[in-house]
């Protein structure tokens, strides 16, 4: 029973896909779903959202939020790009890997600061990470000298735009991270404590769990997955931009909430977030594909988000629960 | 075994507990009795590390516990049943039972939570308390008051503790379950486990206690062995300071 | 006569500049009897523009007119269009070095670049500013946020012109307002509090200029402080009439859109097309704002 | 004791003001604080933030959030501008008032939809109002034809840029609304229920309060105060922009949180929010006044936000509370 | 006065309550007894409007209550003390006492919450229950278990109700306070108020009840007058279905 809960969201995703397929068949006599190109574009867009949303899911399940990921992404992207550029045009694989490592370190630093603020200084996470949002943004812009740091490196470009077994590398990366996060949240002690933390912090503390350490790890995780998003960004676009993550932040948060999480914590799953990210990516692609005028797209995206959650709500009425 | 010396706790302007000292020996059950708001829960939270005492010290087997986290206190062998139960409402009884000490099994070398075993254990321990849970996979949010309390009790007794602290453990329990808990306390005592029990139920207090410490308005109003006293005197001591 | 479908992807969809560009494009489409689809992202940002572009490519238009939101970052996404055999023409902004079909650079594949050059516009704004304030004094740029190539270029051109030709003009730190006119107003007031002798502000986009104009008004400094705006939607034009804004550098977005579609059509029907087409600027100020032949340069609303 | 709680935030605000004053005195031999001009500029900027933050405070105290105010503001601004423009250049006071009424109606509509979604359909407020965010945005842009609707009306302009008793009208408006919201939250049944709702929804429901109606009113209130922000915007800038509120949303939310609210609800005051908005407006103005380079401003704003909350935290250690 | 006919509640796959029917007359105290998880709290939540019954109906003085909101049920004259207390933790005892029916005073024609009077009333009502609150302006989050329960009791008895439902009202109370509540029940009965009491305390059950209805696993296992039965029989009826 319980494992079927997500079935409704899947169903909704299939429904939108079906809608676009019918549109394509009847209106343009082509196909929406059965074209590798469409699927690849959608999945790469979903991946970029997911890289911000995955770690964030755990943070939200624990009853917190992390706004700074918007610029952890940018910080990592800029640091990676700067190092590759410093190494010159024909820097090898090793340099690229090193640059990626440095980018992750930069993002990790933001995560540690968040953890320190929230866990040790008891700053509410919304405002603490809003603070580091500003700081990471400033830091990324200062490091980048204000502009986008463009690079020319075939290794990095191959990584961002290449394929593994026919699948785009951003998708593969997001999929691996999704599996890791799913494992962490669903199958480990760490995950169980994360859920408990979202429901009742006292329960976890009194059970003898080191909650402060746990919180630091959560914020580190969310900064690092966002940082990986930055590495993918720099590789895809051959440029590190300080504001690489900012425009996707809202979509990432939306994906987590569409996936069943709640502001008060204690709820949410990685599967849900993945479906949420794909719902967003599919409608964004599909509405352009249908040629809906841009302003109507805002309206349509808003409507679909609401309907996605309404569909998700209805399961509760069927599966049970009081009042 | 465990010793509390001159514990004191101040909340803002309100001094909830003053100069409370007592000790618990192995295999002994000390009852903390007292009227509502006397400071009983505050005392045990200072022992279990949830509150830091404003003054005073706590030792366990010679080791100083004051200033330690609930984590450290728990691994020093003190298990606590809190009055507010401290359950994670969104998890099932199995995970609540094992919270902080979850069981895992390895799959391809990776540890996975062993939800099934934990659930089965929870059902078993609760059955020992006389409680049947209709759906052991449901979150404890959906359990009745007594079922929830049984989970909190199960969590504390499931581990090899040297000292078990119970803050009104039978308040929500039915008659047979209350009897089970009283029997359980006897079993624990016979195994050499020390017990601090808080209860408002006089028959239970007299049945379980080796010593009764009466708190009134945050101070120790007196200490008696059950054989030396009676209901009336205990109630008078409790009220002494409140009237 | 063939019925072509051309996609026009602006830098963002909610800006008078691009809306006017679309008007021009639609006019051309009507004249040619073809279709132009306007599809873009909500903000000027490559992360948002890329998925829209991907979907546009998925739709399979005959040609793509696009204002790339970043000169390097949009090369890879646009290459996918070229790889799919769709001719690409960039309007307003460019990729790589902006010099196409010369065999150099990663982004050499677009057929043509049609724009008024933002750096040049920035320079023109600087010259007007210098003229208005008499060649000396303190000025600053009110800008949206760092990382937007068009507004960054306007700022760059403005500063470069000042540095090269007006040594007596001091350009203060740029202030970023996040497209919030209210913040832009407060920033002007703070700059004024620090520099009571401030002589001019260059508002690099609509809200920067609106905010600066409001700040000047609140400070009752309309006489002393010169506000130059970039772009000419009618809110700015109103401000010119009322004297809050001294001049606006108007690009010719409708022309860009019109020539863009014409160029694409020419390419699709097998004719050769120029690698770049420059459209001009018009300076709108209090003297000419009421003129009839200026009206056509005021952006659509 | 309890009424002193806010003293720390006041103190912090005074501290920043003091810092800027010292800077002004020593570095520029002028004054920061004792110039009507500076105070007016800051207070108008704070007012624009407050108009989004006031209603939002009540929503957040009740344990919800309202993202759609970003575009309730814009929607109201655009509707007002369109009507004034339609009425022609020399439209009188009555038309302006009518246009304002229509703008408020438009914003109120968004609020009603939010209330309906959250109260009656049980959609989580984050995602429900994110949906109406999209819808209101699309609606505003469609109505405005995509661009900013500029007007020429001396009455409107006088309203947005005028003074009453020497005080800027936006400030006066925000002050009146702050008083009303303070009264509502602190001194009425409605306010008591709002706090209780944030702590424990069941407590209010079982006490026999019509929670659904209460929620609808809350979202209506937040949409309407945001809408008033839109009217002020149009009047100040003689232009109704669909995205008038968007850049301010984050600052508004920050003001509420700096003011002591929490994600989980049940906490927060109007006084706190007012101080929060002024802290933000003062640092934004002050940092420019000090001539801090722009990227460093991002960093500094982030730091100040964090410190503001840390200062607020410290009160808990002094006034009491467990663990 | 109040009547429940064939109430039934299903949670997912678990049928918590089946075919429970009983009635309460004015001035009568009906005790709902039963083991943990028997369905007692579920029954009273169906009466008070918190849960909608899966089947069955509730009447009060001839008026159908089924399908009504807790709001409507409360204004029909039914007050309830819930087992989980349902307090707003961030408000003071005064506001909790008056929640939904706050007292206001007019200043310049505008109504202002009269916090002071409400606080004083709370202190007074709680004093009547034998409970002293150190700081009546503190949020109830900072109160002891018994103090919190007293607030919940105070809230239900402070109004002129026709029927008061009490779900384990004395679970967290001290000995003297328990006696106060028992006396209170007598006073309410003599005023003609109907009472539904849930309790696990056999002496209390026998002292208060006019009729005892025993639930076991969601069904009515039997109904007795206290004079006709004894502890053992009641416990056997409770267990009957659980064993």
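Note that the chains are named A, B, C, D and E in the order they appear, and that numbering of residues resets to 1 at the start of each chain.
Here is the rule we use: contacts are C-beta pairs under 8 Å (C-beta built on N, C-alpha and C of every residue); 3 or more make two chains touch, one makes a residue touch a chain.
Quick caveat: nothing in here was measured; it's all calculated off a predicted structure.
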| item | value |
| --- | --- |
| Which of C-D and D-E has more C-beta pairs touching across its chains | C-D |
| Taking each chain's C-alpha mean as its centre, the one farthest from subunit B | C |
| Averaged-CA centre spacing for the pair subunit B and subunit A, given as whole angstrom | 43 |
| Cα-centroid distance, subunit A relative to subunit D, in whole angstrom | 29 |
| Mean-CA-position distance for subunit E and subunit A (Å) | 48 |
| For subunit A paired with subunit C, centre-to-centre distance based on mean C-alpha positions, whole Å | 32 |
| Subunit B residues counted as touching two or more neighbouring chains | 11-13, 50, 84 |
| Touching two or more other chains - residues of subunit D | 141, 146, 295, 297, 323 |
| Subunit C, residues touching no fewer than two other chains | 13, 146 |
| Of subunit C, residues touching subunit D in the complex | 13-16, 19, 146, 172-183, 185-187, 189-194, 206-207, 210-211, 214-215, 217-219, 233-235, 237-239, 241-242, 299-301 |
| Complex contact set, residues of subunit E against subunit D | 48, 50, 69-71, 73-75, 80, 82, 84, 86-91, 95-96, 99-102, 104, 110-113, 137, 155 |
| Interfacial residue positions of subunit D with respect to subunit E in the complex | 2, 183, 186-189, 191-193, 195-196, 198-200, 202-210, 266-267 |
| Subunit C to subunit A touching residues, read off their complex | 13, 37-40, 42-43, 45-48, 50-52, 54-60, 70-77, 84, 106, 145-147, 152 |
| Parts of subunit A lying in touch with subunit D, wherever the complex brings them together | 63-65, 117, 121-128, 130-139, 141-142, 146, 205, 250, 253-254, 257-258, 262-265, 295-303, 305-306, 309-310, 313 |
